[in-house]
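The next block holds one structure in the form of structure tokens; read it before the comments.
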Amino acid sequence: MSRNHVSTTVNGDQVEFLCETEQTLLEALRDELRLTGTKEGCGTGDCGACSVMVDGRLVCSCLMLAVEAKGKSIETIEGMAEGEALHPLQRKFIEHAALQCGICTPGILIAARALLDRNPDPSEAEVRLWLAGNLCRCTGYHKIVDAVLDAAREMRGG
Amino acid sequence: MARIVLSGTLAPYTDGVLELQLDVANVRQLFQALGERYPELRDHLEAGIAVAIDNEIYQDALLQPIGRDSEVILISKIAGG
Amino acid sequence: MRYEAPKTLEQALALLAGANGKARVLAGGTDLLIQMRSGRADPELVVDIKAIAEMRSIAVDAGSYRVGAALSCMELIENDAFASTWPGIVDGAKYIGSIQVKGRATLGGNLCNASPAADGVPALIAAGALACIAGPQGRREVPVEEFVTGPGKTLLAPGELVVSLLLPRRAPHSGDAYLRFTPRTEMDIAVVGAAVNLTLDDRGICSHARVSLGAVAARALLVPEAAAALIGTKVDAAVLARLSAAASAACRPIDDKRGTKEFRIKVAGVMAERSGKIALERAGRYD
Amino acid sequence: MAAMLKYEKKDLKIVGTRPPRPDGVDKVTGRARFGADYNLPGQLIGKVLRSPHAHARIKSIDASAALTLAGVKAVVTRDDFAEMPDEMAAVGELMINFRDVTRNMMAREKVLYDGHPLAAVAAVSESVARAALALIEVEYEILPHVIDVVEAMRPGAPLLNENQYTAGVKPKPDHPSNVAKRLEFGCGDVAAGFKQADVIIAREFNTKPVHQGYIEPQACLASYSADGQAELWTSTQGHFVFRAQCAKVLQMDVSKIRVTPTEIGGGFGGKNNIYNEALAIALSRKSNHPVKMVMTREEVFRGTGPTPGANVKVKIGCTKDGKITAAEAELNFQAGAFPGSPVNQASMCAFTRYDLANVRVVGNDVVVNRPKVAAYRAPGAPIAVFGVESVIDEMAKKLGIDPIEFRLKNAAKEGTQTYYGPKLGSIGYIQTLEAARAHPHYSAPLGPNQGRGVATGFWFNIGNETTCSLNLQEDGTLTLNLGTVDVAGGSRAAMAMMVAEELGIEFERVRPFVGDTSTLGFNFLTAGSRSTFASGMACVIAARQVIEILRQRVAKIREVPLEAVAWKDGRAQPVDASVAQFAPMSLPEIARMAGKTGGTVAGHAEINAQGAGPGFGTHIVDVEVDRQTGSVKILRYTVVQDVGKAIHPAYVEGQLQGGAVQGIGWALNEEYVYGDDGVLQNPGFLDYRIPVASDLPRIDTVIVEVPNPNHPYGVRGCGEVPIISPMAAIANAIENAIGVRLLQQPFSPPRVLKAITDAAAATR
């Protein structure tokens, strides 16, 4: 089976990988690039655990072919912290106990950052609506919503 | 002699007997004595039975002492999610 | 399986023509990838149309919008001018999955997937949109209500694809709305969907209306009887009740895991009445 | 040692605070490694062939074509696993029927449900493995199936196991039956009790199976080497229990299997038993490669355990002034394809909350053509309590008594005789009811079509086998090796907090981790809300051992009698100046000298924790019902629960909120939908509807702390109780809003709308 050569940018780094045409971006990230921070919960775009940014758009990496990544810029959870310094959302998630098992956490953090990038001052309802595509079975969402709102407050310098 | 009380669940294996007096010093002896008296009960004892000795529940505590006039109630083991 | 991302429509058509039916068009991929994963689709060639400028753009010409078939729902939703002209179509786009899914999914794909429950379609039908098709025999335009022929079936001939969706010019005092019913607030497939598009004259009388229902038949329906209930009236409570009754009467639903016939028939009327109210309120905005 | 440490009231420095969890940073940066994140060089991908039929005899399985496909390295079927006798056998402290375990893992004579495994392949890639599955030829003889519990109990229903005779009935039945077991609990004289009643209410309820819905599908990686040793990495609630099950079905020595628990992406009871683990080891043994197996979401729904669906009958008698005189229930639980539903525990939970003289509960464990049920948070209790608390609510209404007042009139308290055996010890049920009544939520105004509901719950909580070791390292920091898995509630943090509290040092100086099965002795599953109670007790014992050794060491170093050395504020100091004077020694100081003064210092505990304290909760919920669509919106939710002691209050709140929301999903939209063909129609997160963020309000929590006398910090456990009450509370709230009582879960829009229309028709 001939494999496709894909060169793309992940978290600012130029990377290359080979993939089968059927392979999804999620599979390429996890299996070819060993970036296992992005999770698979369903493989059908219903849980959001595989959320990544592609050219500034929030998408499910399980619903995108790896070959489509050619020449794109991809951001994953591995690129969220700046070296040692956690992103405010990451800090607030720990502070507010907004994670338990943590399997949904990378996807929710990526989605939450995408929200705050376009709306620095969201209401609770806006946060809940934006995160509706990210399933969490542990927390009941309460502390997740608190953490996002608190991070937004801090990022606004409030 | 300790007072031994069985929950209704076990009645089918003890010909309906739900209460008896036994001279046993710990849970292991209790299970042994009951097993000898009611062979059908034997499999159920270690598999699925916990005991409440004077209202304190013990699971898998074969060496737990049983006082002379303790009340011992046999109940089903609890697991959970 | 081969992947191609042509830059022009001509190249795309050539690729489709060369694949004798073994090719699938890839727009957002939010349906196609799931079908491939489950084995329901096993194409030899995937033609990604997102590199074709015409299909990724949204253009307005003398008040008439042309929405590229590969434009993502998020891109459409973020287009304020379009959203204020066709808020009902944007209602539909907003319901197509999560933010993540809408970042990829397209109205064109939603139409071509031909699901009876497609959230993007009823508002397009109510709007009187045309599907602009290109193929070996050139281009043609088809009313959206005629495009889907049954569950998973469209009138696309081999080698054809949808290039864009063409919307009519908007008369003043017009408004449209789409509402759907789902058990959850989000992340669900419509159990029933209803779109209402209407235009009021200067006296506030409804001069034009189109009503469409989703998930109550083998394909999204245009319901002239429901529209007739509105036209020539001031669209008061009694009229909306007639709209509701006409909508329920038009349903030909099935029982399935998502809802019963009985439930769909009742709720179709409720959704139609509620989106009628919203459309009316939006039409008012143009006063 | 069957351990029980008594509660001591003392000033606390760390217990009760909210330090960051040790696994936090790894989980927010993507570094945390879950089941599917482990890989080994040369690993193969394993995939499972599953039955498309609900019930069929397997005439033949032919994998020869699959084996000839390039890249396929091994196939296993029923022939690769030993037959196991039909008897209960020990796995650690659990007793399981391995006849059923082997058959659920890999079908033998028959497939018993849609999704039942038939064969597994190992190949060089996922795509090759999938292609190989398609080449395996299975010849079936389709049999009639039964998935409804009531139909399965009828004489003449299709039999899943022709050799199964109902246990627990005398005389032994002469016909085989789908009813695996009949249970009966009770006390007093129910008939006499109902005679004393002025009002009697009897209702029948039905519920559908729901799935635990953890977001991480089962995933494992196995490596079997030629010397007969196996390593297994898997997402589990109990790596020792998984090891025991694998050893038994693979007929290996327990010590030859080393299981490392990965971070677990949710379990809630669903990761208490093996599915792919033994298959992966068998495939690795056959192929001589490591084998990785990750389930798809569809496989999780079709192949792993949901909680049972059930048919529940409840009858309660009461005097005019609100005293319950008799209570009766019949619980018919689906066990799935093999016996073992939690009907037993459900029977005991049904009425335990109330002080009742006359009770009778009958439970039936019934096999049906569905996946074998697994535990789910307070297994069985929510189903029984849905029925009981619905009737309690109706009774209170009928008598014109406030629902909380009615419960208080009949509430269980210390000394209350249970109908399943012992008297209750110190409990906090009444405190939760009073806290709920005093909460502003309970008196807040309601709008049109809005209603408020209350319901309560009870769970035993358990102890069981636990081990840990606590090592003082040379710089004075400590490593805490735990054998009881942190299933993500944050028990690693709680354990370190208790150890730091005992030693009088900072939380950060204790590094907790969960060790693999080769580092400690057997631990029971993290289940039954046992971890913070049982593992916590072990940690306290280990810490006190360390303190004892430290005192002895300092007595020798400072040449003073042992009694003169006290351990205070993280240092060895003179008990008081009069006895002896010596320079205090800090932990780092002692640690530095430890090696030269007799060796490093460590404490450890291998216990079977006893004396678990029951937990009680009271929930209040407000709903709004859309009368035109039957849609139910949760407006406000408050959870009040006695947890004994909240070691880490934020993580306790998380348990209460998460459990309540799982209960909300159960109540409103979650259900397994089967077609007439017995095939599951909604094996995915699109049509199996767990709650999303926008469906929910904030979940307020009130933590009540009535100490468990049998734990050094008073811990009871808190994970199970919060899922018990929501179904009943929401049913009661819907009734309060629209005057219609829902008797069938889920309360999905079509059901609610039908109930509204039927009620309207009835009154017309």
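Each chain carries a letter (A, B, C and D) given by its place in the written order, and its residues are counted from 1.
Please note the rule applied: a contact is a pair of C-beta atoms (placed from the backbone, for glycine too) under 8 Å apart; a residue touches a chain by one contact, two chains touch by 3 or more.
Just so it is clear, the structure is predicted and the values come from calculations on it, not from any experiment.
Of all chains, the one whose mean C-alpha position sits at the greatest distance from that of subunit B is C.
Across B-D and C-D, the chain pair carrying more C-beta contacts is B-D.
Computed centre separation for the pair subunit B/subunit C is 68 angstrom, with centres defined by C-alpha atoms. Centre-to-centre spacing of subunit B and subunit D amounts to 26 Å, using the average Cα coordinate of each chain.
We define each chain's centre as the mean of its Cα atoms; on that basis subunit C and subunit D are separated by 44 Å.
One inter-chain figure worth recording: subunit A and subunit B are separated by 55 Å, centre to centre, where each centre is the mean of the chain's CA atoms. Multi-chain contact residues of subunit B, defined as those touching 2 or more other chains: none present. With touch defined as above, residues shared between interfaces to two or more other chains in subunit D number as follows: 212, 268, 685-686, 691-692, 694. Counting only residues that touch two or more partner chains, subunit C has 185-187.
On the side of subunit C, the complex with subunit D involves touching residues 181, 183-189, 191, 257-260, 262-263, 266-267, 270. Within the complex formed with subunit B, the residues of subunit D that make contact are 2, 87-88, 93-95, 167-170, 183-186, 212, 268-269, 272, 342, 344-345, 348, 375-379, 420-425, 459-465, 525, 527-530, 608, 610-612, 710, 719-720.
Across the complex, subunit A meets subunit C through its residues 4, 20-22, 24, 43-46, 48, 51, 54, 57-60, 62-65, 67-68, 70, 111, 114, 129-130, 132-134.
Listing the residues of subunit D that touch subunit C in their complex gives 628-631, 668-669, 673, 681-682, 685-687, 689, 691-692, 694-695, 748-750, 753-754. By the touch criterion stated above, subunit A contacts subunit D in their complex at residues 1, 20, 22, 30, 34-44, 46-47, 49, 76-78, 80-81, 86, 90, 93-97, 99-106, 109, 124-125, 127-129, 131-145.
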